[in-house]
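Following: one structure in structure tokens, then a few remarks.
Order as written gives the chain letters A, B, C and D; numbering starts at 1 within each chain.
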């Protein structure tokens, strides 16, 4: 029935731990705090872990930088550089690497435009290699990029479009950029997740699409995502939970009152959520008024990190310099 | 402290009536049902009415067409024509009328882009009158139009910008188009409000700006608005209220439980809202995933209605024909 | 060396006839004048015709409506309807037809944005057929649409991208929309060409790309194009020719003067052209200041014609009604 | 009648010198060559100079950097920094300086979109000063910015709009950014002109508008412009001239032939130009296919130079860092 919607592995684990004091079996977590950011590495290494998390096996690296809400130029540079260093670890160490960057999402809906915005800013080089019949270059690798649009505007599943392009252009790596949904407002615009598992049905602002992964693409897929929205149903659910928790503290344990609160079923909650959100149901989301500035900043940060990590001639010092 | 945010006169009245069985003193209401739409006329005619409503004295006409969620071409035409007929009643019957259409809001944030989208679609004619030194024309009146952008991008209050332009170009009428906030998801994208009172602080997606009215502009101001969002605090508040109401039905009157629910203070609710929405506080809104299509449809409907009602040579039959 | 650049079959034939009084062998021409437009059908039916024309064998239908420069609403409707009738003749009469509309060109360069603008306005329906597992519908056929962008932004030949998508989605028909180059300013924005031969290298505003035709796509390709530019080299060449012709009329035949003019070689002309256009060489074009309005109008006309001709439920009377 | 169209003082002087070996009376010129750019300072200091130049009295600083055609990241940074140093000399040294940046031109026509693109990238700060009632700040000065659109979309002369805003917001300085026309393709996209005289009728891509200067604004106006087009009539005229010059070299002086060429009147040339460009007449321009990339690069360079020169806290080293 209703379940809390999150695209962040970090939060999937957090949800589990709210009801349990132990780590998820089959999952390893490592955390490192920097001045300006916390980096969490969640590794899902077996099927049990994957099932509990509701996420495929693989690595999920999350950079949380609460300061991003204020978009200071120094911090943006630092996050770009941190992200670039993480990406370098995950990008295959192959001579003459060929990468296809895919901007998922709808450029006409601001909180869903992260992917297309990143694509419009990255350095595209594949056509130079093709034009000069060149195989390798000491300063750059071959990068192509596309934002295919969403099914509502093309009539075609994005996965089908990209699979067609992958078959024709044969990249070694696909990097997909997408806007995500978090369960908490505080993570919106302040968290960047890199994963080695691609993107799964129902990710992004939320139109269902088929799996976007190594299995469907035939080449490794890295996904980079930023939560830009909270699902309205999640917000509503959290609110209900909070009210109930709050009332519980005012009731004596064992009283009829406490009992009612305790027994409030998931179904009851779900019908309340429907009442609030109806008639839009699942198609409602929560975002912030400065979403345009946030998308601009985050797409600069990610595009800069991609430029640095894909091209040997671009350096950590060159942050922002090759943005289009 | 916290209050339910609505830009619709219809809802301000509804809120009052939730606690009272009578009409607001100083307010008259008239309702007409059509096949496809309900037209409600709220007239606030004295200070008492204005204070209770929290809206200036004047007329508020609301067209509710729930079918707009599905954007059928016939319905769009019908709503344009209905709107045009209402506008004709409100536009001053002056020979050689000169109108300035102002698109308020931020074109970079989809749910706030209604005003700029309408402006990009209306027929602009003032420069023809100026170029040929013409005063009147049997088929058109003088129309100018501007979308000045928001304070975050210009650094200037929109009211200051428009007042400057009004002083230089001396229109007889200003028509301001803006995205509004409703208190209910079901009114989002399905309701169009025309008012004779202009636009007041805190309208639109929500950055504070000074009053946009005949008093500040020196000429009559018609406002046309469509709710495209619900304030997240409003949604949260409604959710809390609903949970509490729901629990009340399960408690026996007079029980301690009922008492606690009954006495849950506004302050308690407010601190719960803050807990859910923190750290974004007031700057969070709820909208729908098809917002891009909704803004396109609604801006076509309004621009068509303006073209028909401002130019004698454009007819009800010409709906959609002069859209840019 | 230098040759006059035209994407219009009409002009390719015109160029031949400037030096010859007879029809091109292997080419048939038929012309019909309407009130508001001239329709010319050029049929290239053998290899000789194709070689002289520099165009593949097939049909080229050109609608010339000089009034389009002024964008009157009646005329726009008439041209849409005329275009729709022509398209109906060319679209395969197949039950459950599936069409992919491709918007070629660069949306960031106004005169090259015709294709992407048309795509943003047509009615896309394929996903409804897929979602409901439907094969046929009495009111609509399956239409998908994409604007892949240009090689400079994707790093990939457009033909490769579309071929990939065609293989995955298996449409029965591809309709490609592109901005063209004319040799004459008077045809810019006033001429629409439909051809059954697809689009060939060097078409459009002019980046080389591989052939876009039934041969490369595996399904029939209709191309719809509008000249939005004149190549600067063509304009320069025409100017030189005109000066020389003009001077010739002032010289007595047989004089040294006449001789020099007569003998001015193509090479001389070419080096003059280079001197004027250098250092931009082939990458310079001529267009008009109202290009934004022209692209908007022309994309409305073409999108409306496509909506009418592809969907049985949309009628000649519905012109403009289903534009997005 | 017809005259060569140029918005560059540098070229106005060059035109004079093509017919004369001396400096224009009332004009002083100074030139400095850097590695990557030539800086020319033209000072028009009396009425005679102004009349010959066809430009108001004042200073015109031109930065020519032919390498900008290839948009190397180092060069972009160097030009930003050079421009910033020049701007610092011209910006009034006033405590608490208030600047209004105006982006002239049409954002829907790529070669005319330079002004709006710069405005979208500069750091806007005025609202912070207003919100906190602050007068001065050690790191920034008060900057507001607007792109009002063109008369075709607003129906209002841009000068009227900006004058209205200046009267309401009382800046100390207006900086206007506009796309210009050059007479030579080689200067297109490679030349930046700063002038202390504002912008005069017919500048930009070319719709007539009234003077944009200290006289009409009441405060000093700095103009920053980049030629992004050549007028098609200028190109045609240059071509004719070149053909005639070329033929002259082949004719013996004194021959009838030489005579005819010598006597080819301006009127003859003008009617040839009309024949080539008709029916679009004056509304046709020439530009390059990479115009989108050029506008992006040039607007980054100028916005960065403005950020550095207006805000004491932003340094030459911070080039690109505060771009929006």
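Just so we're on the same page, contacts are C-beta pairs under 8 Å (C-beta built on N, C-alpha and C of every residue); 3 or more make two chains touch, one makes a residue touch a chain.
What you see is a predicted model; the values in this text were computed from it and never measured.
Asks: Which chains are in contact with both subunit A and subunit B?
Replies: Touches both subunit A and subunit B: C, D.
Asks: Report which of C-D and B-D is connected by more C-beta pairs in contact.
Replies: Counting C-beta pairs in contact for C-D and B-D gives the edge to C-D.
Asks: Counting in whole Å, what is the centre-to-centre distance of subunit A and subunit D, each centre being its mean C-alpha position?
Replies: Roughly 44 Å, centre to centre.
Asks: Just give me the whole-number Å value for how far the CA centre of subunit B lies from that of subunit D.
Replies: Inter-chain centre distance comes to 41 Å.
Asks: Averaging only over C-alpha atoms, locate the centres of subunit C and subunit D and give their separation in whole Å.
Replies: So the centroids are 34 Å from each other.
Asks: Give the residues of subunit D that touch two or more other chains, as numbers and ranges in rising order.
Replies: Residue numbers touching two or more other chains: 152, 293.
Asks: If we count contacts the way the header does, which residues on subunit B are in touch with subunit C in the complex?
Replies: The contact residues of subunit B facing subunit C are 73, 77, 293, 296, 318, 320-324.
Asks: With touch defined as at the start, can you tell me which subunit A residues reach subunit C in the complex?
Replies: Within the complex, subunit A touches subunit C at residues 120, 124-127, 130, 142-149, 151-157, 160-161, 163-169.
Asks: For subunit C, which residues are in contact with subunit D within the complex?
Replies: Going by the criterion above, the answer is residues 69, 106, 108-110, 112, 152, 185-186, 188, 205-207, 232, 235-236, 238-240, 242-244, 246-247, 250-251, 255-257, 260-261, 268, 272, 275-280, 283-293.
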